[in-house]
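The following blocks contain the structures, represented as structure tokens.
Each of the two complexes below includes chain A, the first together with chain B, the second together with chain C.
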Partner chain A sequence: MQETNISAANLECCLKCNLCTEVCPMYAVNPQYPGPKQAGPDGERYRIKDPEFFDSALKYCLNCKRCEVVCPSGVRVADIIAVNRLKYGKPSHPVRDKMLASTDFVGSMTVPVAGLANPMLGLGITKSVMDGVLGISEKRTFPKYATKKFVTWFKHHAPDQTQYSKQVHYFHGCYVNYNYPQLGKDFVKLMNAVGYGVKLLEKEKCCGVALIANGFGDQAKKQAQVNLDSINKAGTEVLTTSSTCTFTMRDEYAHVLGLDNAKQRDKILLTTKWLFDKIEAGEIKLAFKPDFKLKAVYHTACHMQKMGWQQYSIQLLKLIPGLDLTVLDQHCCGISGTFGFKKENYEFSKEIGAILFDDIKAANPEAVITDCETCKWQIEAFTNIQTLNPISILAEAIDYEKTQQLNAN
Partner chain B sequence: MRTEYDVIIIGGGATGAGTARDCAMRGLKTLLVERADIADGASGRNHGLLHSGARYAVNDRESAAECIGENLILRRIAAACVEETEGLFITLPEDDLEYQAKFVECCKAAGIKAEAIDPKLALKLEPEINPEIIGAVKVPDASVDPFRLVAANVLDAKLHGADILTGWEVVEFIKEMVTITGVRIRNVKTGETKAIRAHYTVNAAGIWGAHIAELAGVHIGMLPSKGALLVFGHRAAKMVINRCRKPANADILVPGDVVSVIGTTSDKVPFEECDDMKVTRREVEILLTEGCKLVPSLATTRIIRAYAGVRPLVADDSDPSGRNVSRGIVLLDHSKRDGIRGFISITGGKLTTYRLMAEMTTDLICKKLGLEKPCETAIKPLPGSEPEAANLPHKTWTVGQKAAFNRHGGCVTQMDFAQNNTEEICECEHVTRAEIAYAVHNLGVKTLDDLRRRTRVGMGTCQSSFCVLKAAKVLAEELGTPDAAQQLVRDFLRERWKGIKPVCWGDQMREAEHMRNLYKEAAK
Partner chain C sequence: MKYDVIIIGGDQRDAEFGLQYLKAGKTVCLIAEGGIIGSPQARAAYAKAGGIILMADKVEKVDVNPDGTVDSLRTANLGATPLKADLYILASGRFVAGGLKSDMTHVWEPIFGADVQFAEDPESWCKEDFFAPQPFESFGVKTDNDGHVLKEGKPIANLIAMGSIIAKQ
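Moving on to the complex of A and B:
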């Protein structure tokens, strides 16, 4: 006898209240998108009967997970959509989508020629070719590639790391490795200041978020398994500086790719959360430069909100005496990783982010702080205000020597 | 509307609708009278199973043979209403495996392609079945949507010139000596009465046929048998799953469109209860307990609704005690049986054999009228089921268009999916404004409940909580009676609530509470 009449099928917990539709940033700007309830649980009932009911408009889902955050019934609305896209979706522009999704491959190829690639990527002629041939919006500027990968820099500095008795592993992610090694350097500096040495994973692959979003599920699974195996071997917690990489490895691996990450999940932590917990427990202390001054706003990335971790970053930042911090209302910035780079999505991407851009401009800060690198690209592109990771802010704000002394055992 | 016909058919179920179609196709001036709505009785309250006949093979070979014959015909002529899911008869450890051998043998004798397969293969075909099965037989069962089937027959009858009156009941027979020459009918809503004359009147009123017969002055011994069923929120299995044993309670699970239906129970009920069947807690328990043995995941699948229908079992005329039940189709020529001319009763049978019942009835009428016109209902497809309709679906279709095609087959081309009409009114079932407009203007819709039977409006997991207002507004607009919307809402919610009540716990309770709070006033 059925005790509860509560379905094990997550889609059936949906009461059809439409709260998810209400908060969906894409539904608000795109009449072609049926909204999360329709694309998720409603559509799923029909797709179970016949996959022919798959609606190509599911490609518009940003996977921002705002629907799941508000759902009073715990329906994994966006997961249902993501799984179906992997199962039935077809890339609208296979070459471009593969290129955008292959962050590792493209990054490895570009970094050695970054001196040449960066100016080229910025050229009008390149942009117009990418727009016309590849369907990458010419209104976009690609994030600049670094001239030296983070891992190359780290190899030269890694021996220093062994002097620390306590160790953490760092999952740097593609952005730090290929585009912005400075964030990784800031991370290492901060860790060293609080008495921890940094190790990299035995093997690290792109977390796969772009592969998932562009429909390359099998490749995403392969890379995820490499990461899970490496994390499993790492004897310490694995810290990250990207909210999306963190979220992907903790939740999407299991919910969307169907992998078992139960053993690894709790080890994967965003650095701000890890640091906050250590400070709370009295294990770590920070000392700040008296002359550090900055007026900034904090933008909660959608995946931060999904994890419910924005408060760790915010509270940590609030420890900085010289930081005048305003926390913005949570709105999606509209880029959703590779989504916003696609020509056909440019206008949606811009329109979705409009509320956030206005809020930022109204606050008139010197910097925007966010835990997500793709939010950073979007915010910088539309507000021209420098956008930084909390770790970079902390690394800049701490008094390195004093902090080291405070944490020396 | 005329007042004189060749044939009046009483009852808008599958049999009545099928008979109306057959009569009209053979050129008879035909009227169908239904007191409520088409498919409102047992025709709309069953499994929606297109029997292969296997279930009857052991005990009733004649019915089994009729079923497989009709099964193969309906796959062709009612392609839009039938889903060729195929079926399994599974043997559980507690069942006698020897029955299976006898079962397969009897199926073969009745002309049913029944094939005993390795339980492992059965689990591959349908991973949701109980993994502990010790035997499995594959049979050509299928799923049929009874609402669409009846609606398509009515539509085709109309296209062939028949008149359809719903919301009118027969109150009296007009007799000349021993000949019935017509009926007096009354509008259920307004009380208006009309006299209609015809050469022949056909009683196709299912269990209510006993009452109709009394009105005509003849007696048909009928035994109302209640069958309760449960609807699950989505498809729990894609094939029809039967239990390979002597037919008993809750041993068939059918994928009915996007849901799964488990049934049935079987209990004698008094005639007074036939108009208002309520599913009891005991019935829900039986259905669930037995259903979980077929497909264990039913234990963790949300039940959205319970309903019950009445089988019109007919007492065998040859048994004076009235206890023995006739098997199969019962066609009564009352001039031969009772000396009453101009009156024919068609009853017994099954949803699967409705077309054959209609053919037999129409043959009899034609014979009496001296008309030599062959039956074409086994050859000519129903509206929407034309073979070329299969090529229609297009990649660019919205989900609403695909769903409309799923329900109406080729008739989808008659829907106007212009810009504003693609809006989904019922989101659970993807029913668009275009589909509603089509149903109202072509399928005789007067209430939201009629609309539900034609389109699935309000049949999804929210049971109309979020579409009833929108649907009422659109319906009232299409009917040209915008003031009626509020009453439409009230009536519909009451009807929906009736089916939710017996399964109202867990998630369904949350949904119901949600609905109750939304419509506190309207539901009163």
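Moving on to the complex of A and C:
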């Protein structure tokens, strides 16, 4: 009876145990935030009666999903908050929020002038203006833009990819396309080494996570539908290198945007999961360079923990003989995508990440490894230690020729 | 993914129990559908000793060998990846934790379909006096003398039950 009589986000199953509040990183540092229980299931009971009960403090939710991971009753606490923000929330700084959320537009405009834009964005005067006019914290340094988009590089190399009998599609995401094409190149190298050619989707838009977080639900839905249609047309699995893009397309499209992604969901896989399963099944083998040496720590991004997929990345990394790897306790890094760039959130963002930064510094690694690009920005900003995706580490550590030979059939 | 021991559970005692296996040099994976309830110290000690926790995950499918033993588990989060172990421990609790399910006439164990002991007459499941011992609290999976879970009257050699899910006499 009970199981057929509950709402989509399991609101009625909340037992008021407050485990969600205990693990909420924002509640721990910000007395203005009422915590996930109050902001989510408790507040929802009021909002259903009258939207006037919408509390603007819901903007503080990081959407890290830690509340949902610990909920013993399966309440989708953060989904309730996200849906309500889209319904009733108002942007605190409309121009800035639109700019931060429009990753494709801003990326496309900036890449052609990256040679000029990168040093400009790093200047104190630019930062002051952005802080004063746009409300983007002057203490932040914007991630550097690439001088050439990943897709431009890929177009030149696409013909080489057709020689492989087995193929996969790659959802590169905004970060690889506009900021760090090297990760995309590392992905292509790794796939080629294990005998797979790479194709891009017919059309790819930003997954929409920044649009959802900044209250632009309609635009997020449009972009999501373009991605879902393209993924549907792709004849293979669609691999990613970003935990947040993966999580957004697999879960948020349905739970927050209300789109039907049932046909596409299982096709969207983080590369480390896909690779781990293929290695376990004996379909792929890796050979490593004998001289690869690195001391690193692995940071589990919040969305990675929500998906429960960190073990794929960790177990793959543990295959590398020369990698001295420590897995850190899971703590939120505090950036939450565009959230940490906003002037009013900078101190919260820094304070939330403090435990993680201390853990990293105590381990004194040569590199931090994580599956999330915005965690990378945050960790690099506060620890000055280079932070890399597991795919880049694997691409660097493999013996390319030997791996190709092992997988040639 | 292959471990020596997989515990399906979620409270601090499961983490403490897992820690004993870790100390004995075994690899352990704890599938905690409802997160880890209770002492954060127990959870931290377990994780520090190398214990794996699959948080908020749920066993959706069990692959069974021809001899009735458990071959592997599939979970909601890990999808097609099989989780294998030499020993499986069922510590999924009673009704609130989801280890046992019921409708108006039956009680069942949802993961393995284990034999469950419960009173036939639903009228006898509860007592009106809220503070009296409630008969439904004695319901649970049947085991042999070594703790192996019974299914259709036969013990499953690599599956033992632990904690409140075990039927009380």
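Methods note: the second predicted complex is superposed on the first by the 400 of 409 C-alpha atoms of A that agree within 3 Å, B and C clash if a C-alpha of one lies under 4 Å from a C-alpha of the other, contacts with A are read in each partner's own complex, and residues count from 1 in each chain.
Everything below uses one rule, namely that a contact is a pair of C-beta atoms (placed from the backbone, for glycine too) under 8 Å apart; a residue touches a chain by one contact, two chains touch by 3 or more.
Remember, predicted model here, so these are calculated numbers, not experimental data.
Novice: Contact-wise, after the overlay, does A:315 reach chain B, chain C, both or neither (first, second, both, neither)?
Specialist: A:315: touches chain C, not chain B.
Novice: Contacts for A:385 in the overlay, against chain B (first) and chain C (second): which applies, first, second, both or neither?
Specialist: neither
Novice: On the A-aligned overlay, A:55 touches which partner chain: chain B = first, chain C = second, or both, or neither?
Specialist: Only chain B is touched by A:55; chain C is not.
Novice: Count the residues of chain A touched by chain B and by chain C, then name the partner with the higher count.
Specialist: The partner with more contacted residues on chain A is B.
Novice: I'd like to know which partner A:329 touches here: chain B for first, chain C for second, both or neither.
Specialist: It touches chain C, and chain B stays clear.
Novice: Between chain B (first) and chain C (second), which does A:46 come into contact with in this model arrangement: first, second, both, or neither?
Specialist: Touch partner of A:46: chain B, not chain C.
Novice: For A:73, using the defined touch cut-off, is the partner it touches chain B, chain C, both, or neither? Pick first, second, both or neither.
Specialist: both
Novice: Go through the superposed model and pick first if A:37 touches only chain B, second if only chain C, both, or neither.
Specialist: first
Novice: Taking the superposition on A as described, I'd like to know which of chain B and chain C A:18 touches: first, second, both or neither.
Specialist: A:18 sits against chain B, while chain C stays out of touch.
Novice: Shared contact residues on chain A for chain B and chain C?
Specialist: Residues 1, 73 of chain A touch both chain B and chain C.
Novice: Report the residues of chain B in contact with chain A in the complex, numbered from low to high.
Specialist: 233-235, 255, 257-258, 285, 288-289, 292, 297-303, 393, 395, 398-399, 402-403, 406, 424, 427-428, 430, 460-462, 465-466, 503, 505-511, 514
Novice: Which bits of chain A are touching chain C when the two form their complex?
Specialist: Listed in rising order, the residues of chain A that touch chain C are 1, 19, 68-74, 266, 273, 276-277, 280, 305-309, 311-312, 315, 329.
Novice: Taking the complex as given, what residues does chain A use to touch chain B?
Specialist: 1-2, 4-9, 11-18, 34, 37-38, 42-46, 48-50, 52-53, 55-56, 73
Novice: Give the list of chain C residues in touch with chain A in this complex.
Specialist: 1, 10, 34-37, 44, 47, 52, 54-57, 75, 77-82, 97, 103
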